[in-house]
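Next, two complexes with chain A in common: one pairs it with chain B, the other with chain C.
For the complex of A and B:
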């Protein structure tokens, strides 16, 4: 299948109310809980560096698609990296990620291939210590079991948000990508890609 | 329109007062988003004002006429009750009654200009200008009419309940301004007409509203014999009444419909009904539905309930029938999906049987035994459909009949069902059964495609089926059945199919090319830009990709507050409306049934006419099975 290599797609999964959108908005816009309109295409795009070139980081927010396994499958098959979000205040939200994890494993093939895909299990709302139902250690253990990476964040207090995306891009071994653009001066007016980055 | 004389009067008043006493009048002007600058007519003093003109409960000091722009009238607990536009006025009530402000006035746009008359001046004018009528409107209807009677110092109040029932016009034959009354009457009728046209039959489901419309129609009719200016309005009301009559007849004719959720996972279909079952009718809340409820040991009972029965009613009855000696508060109604996943229903949820996912089953279980629930054996395998050979139909015929069938399902959905689905059925206590059935249909087609391909053991035959499915997708696109197009494409892109590399390799290059082109449409990047662009160019009738509409609604709902500072967030409501308008646009034209072009008789569910086509339209779902290659 043809691959659009100038986009790097990150897909965010999670049950309703765990703060997927807040997390993405915090990262892209630096704000917390702003109202948003679904059809704006550019909401979730960020220019990043990829193999010393400029590349677009596209974040697919899967809010609202949980009832349609087909849409989730579609996002998975088109995605390069995955963020699985649960809320530290709800054990249920962690449980609900398991079927999605199964689908990713099924769609992205065997254990070897899976290991090369950046996947991050994220416990959001870690600022709400009073309502915590899932400890960091439990999250870590779950991630280990799934063979993916783990992090706790808070979109509200902006804790670990940028680090999450930076770390996720670090995990990509097929390309050399990072949030930092190497030469910022050159970026202005040259958003278009001149070269495509290679995908293995 | 009443606004023209009012605006003219306002300007005359303004000119007169400016000449006499320039200090009494002030213009107000908004500048930028939030502030209103006040400009004294005599000078250029600029003072910042908040966006709100005044608050409910404030002391009334002035009367306002809108010269330009518009305002919302907001009442605590009711939200925005009406909007006022250029030429209309507000703020009189508190001055006439010496009472606190009855509502909050919020400007709706930038650059609003108001004419302000302070209380003392207002009273002077009132004294001089005779026969003043104060009307308060809510939702296009007068809810309070204050009238100053000639030769009478007191004010008479006509309070009209806002619940729409008893809304009749207050008529005063001695009133000089007949034009004013006439235009008020016109706007009420026109409002009702638009309201009914927008909301359609849901309006007629409420008895109170129905009585109101009937009363209004007869009033308008008798008025129109007296006032020639109301002829057009009388015909509008006649139109509304015809619409209502037709809907009532339809509803009466389909009363007592029974639906069934077949135990083996086939589509929800009519079990028995008074109407010719060739015409697909909508599922109504009072219709019965027959379905099974299982318990942990896979014994089951068959229940019959109205579609709007709550989960609590169902679980209580099921537990009784199954002999579970547990108090209802310790029981849960659960859906067990074919993946083994368990989803617990809320007690006050409704439309339970229709909302099941494909191949899901309803279970009842004590709270602490939830983990013991497992799939029943039929869920593990595929569902047998009717025995027919896919090869005997052309892809075009298949697509055509699928589109007819899908269109009937799509046509039965009311826009409100999408809102109930997004915000929560239980909050509205409304069913979403018609939408549920349509959503199921999407998954039914998708898994049917996968299953048909995977069940074929011979490679050559599998290539043929794959080719046919691609052609089917192309024809669905031609018939503008985008929902089915996506269902077929998503079926084909399912990993169980896409990994059949031997099959794909043998596919003719033409089919491959078609597939690649079509597949570009389902690319989710840039928030489904490819799809949105393609659909925006299509003319109605279109069957849109419903999951995306619902995703947009869910996204809007999650990301925006419904109430901000005690006021309804209209921005969000506008976003909702925008999505619903897309849906409405798709149905602005009805998909006709061009009988001449049809090769078969319109198939009947489970009927005898064109048995094979029947199977096509009623496409059987078989659970996805893995095929070794």
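For the complex of A and C:
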């Protein structure tokens, strides 16, 4: 069981090339790149507010192109919320999510506990209408079957990206988490000071 | 080359790039000593920094001592430059104080005239009665039997005015002319001399009891305005060094020892008052008696730091002070730590590079302070146990040890530790290959409480290997036992991917690494540079600039393969077992 720590950990899963890193990078840095660089594992941190305190949102971008079962188990067992990404242009990528979903279900225990964990099924690349293989309705139906929430996004056109993360955090009922942060200016100030360390 | 370095240094000083931290004082000092043109730029900067901090001044002075010993003839121009710098640093601290006190009082008088603050004029009234020249007839600096070995005779904090200000929460400025640097200099000198005395004793028992006795005597002189320079980022004064917690470390002919210092955090090293000496009250003496630990049991490496801290705090007469902390340091003499310092700088730099390039490799550089060319302080890595100790004490394989310590193979604890282990092993494998770190027996490899693998002892790097046996021919040490902890093909694959990414990232920032080594090499007699300029060239070759990323992958596969199947690693472990008893 993940302890109630000062971190809120979100893990992003999905097959290779569906746009996990693109989604995360669009959200964290606001950027998008056309080229494909396979991820091994990357973690991004962002300060958010949680129960009126600041806490760290930790987004783990996992690999889709390698098989690291041990690391997958670890990130599932440590994760507080999950984003399962497939590409609207590939039915195969939706099917590949099923085994991951199974592992999450096994690791996180019974149906009751599972229901309290924020999980979002995400159909990315929804801008590519010509190559679409999975309709929004199909995605929605799949999510219903799994008992999780659903959203279609496009990292490329920045469609629903921020909404995805906001909605995911909204689903967390054990704490009051939001992306909004008061005193943002102050925090930035202290950080800048720290970076100005000199020779020692 | 020189003009380039020159450019780098002015740039660093004025702007401080993202690698500013790793440039390090040692690099600056080394450039100062060996490159005259750089010296002219750097001296004013150093002096300016020195004028603001006693700690910085002392560090400069020690490094100047350590690095200028390589210059052969004392008549050398550079040598005279560096000794001149040292004299100026010391002069700074006797002159600036009196100057500052004058300017301060005139300033406050000005202010007083303007705002007619009553309390201000009162203070100044008192100040005029305080003798401005420092005189201490019974000055016993450096004599630890006196009980005032680290007392420079400064009265500023004990005077009426000083006490008043402290009560009111105002900062007291030392205005007398007491030598500000002396207490700390004497303290460090005493620590080093203790190590030298210990080295002359033969048996471990004799060393241990001597250390105990010396520290007990030393304690009579504490609290004092002295500190561990390793941790000067947290300004503190040492109040006590519990003698029974200290220990002599295993070493053949030298006697490094570890001390645990009880400290109290202060706002400012020089301008904060001292904690009053705790009289040995009934409560205190009783708790001392209650300690049934023999010195041997007391030094238990596997004891978690938090537990040790709590235990020592409980038995300490100063433990009730809120800002009480425990800090540890290894004191070593007889060894040139400049090579360790170089390794520490390189490790810090590599970690920075990997952080910037987002490669999850984990190193654990530890702080080194060179006090001269044959003594220094080392930061001990807390909560670790060496692979040698694991093997000796638990007699199980590393994988079984992991299961014992962190839980079942599929538990979160084990998986987290395993991931840390893979990431740190990959990092140190790359370091061992790039820097050609040798003498990799299991006594020099530690395991942290979170599963990180940590290498220590960088006495043999670059072009140097122990006794020049040329024994360890494999690129790095990777035993089957270590691979067994990886658990399977997938983590082994992850290990290799990490190494590849780490090498690509390091290659991208190769210039920074090479220039650091080049600067530290210039004019240096360190044994790791005995191949001369070829050392740097060989290092450069190990980055394989001419290979594509695909070719690099093949190279990594080859390196890993030959390391696993290396007979020489096994032979070297056997050799260590027969000669030093290290498993």
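Here, the second predicted complex is superposed on the first by the 164 of 200 C-alpha atoms of A that agree within 3 Å, B and C clash if a C-alpha of one lies under 4 Å from a C-alpha of the other, contacts with A are read in each partner's own complex, and residues count from 1 in each chain.
What we mean here is this: contacts are C-beta pairs under 8 Å (C-beta built on N, C-alpha and C of every residue); 3 or more make two chains touch, one makes a residue touch a chain.
Given the structure is predicted, the values throughout are model-derived calculations rather than measurements.
Touch criterion met: A:70 reaches chain B and chain C at once. Of the two partner chains, chain B and chain C are each touched by A:78. Residues 40-43, 67-71, 73-74, 77-78 of chain A are contacted both by chain B in one complex and by chain C in the other.
On the side of chain C, the complex with chain A involves touching residues 12-13, 16, 20-21, 23-25, 28, 49, 56, 59, 233, 358, 360, 410, 412, 415-416, 418-419, 487-488, 490-491, 493-494, 497-498, 501.
The touching residues of chain A, counted against chain C in their complex, run 40-43, 66-71, 73-74, 77-78, 196-200. Only residues 339, 341, 357, 439, 442-443, 446, 487, 490, 493-495, 498, 516, 519, 522-527, 529, 532, 547-548, 550-556, 558-561, 571-572, 575 of chain B touch chain A when the two sit together in their complex. Of all residues in chain A, those touching chain B in their complex are 1-2, 4, 7, 9, 16-17, 21, 35-45, 58, 60-61, 63-65, 67-71, 73-75, 77-78, 99, 102, 106-107.
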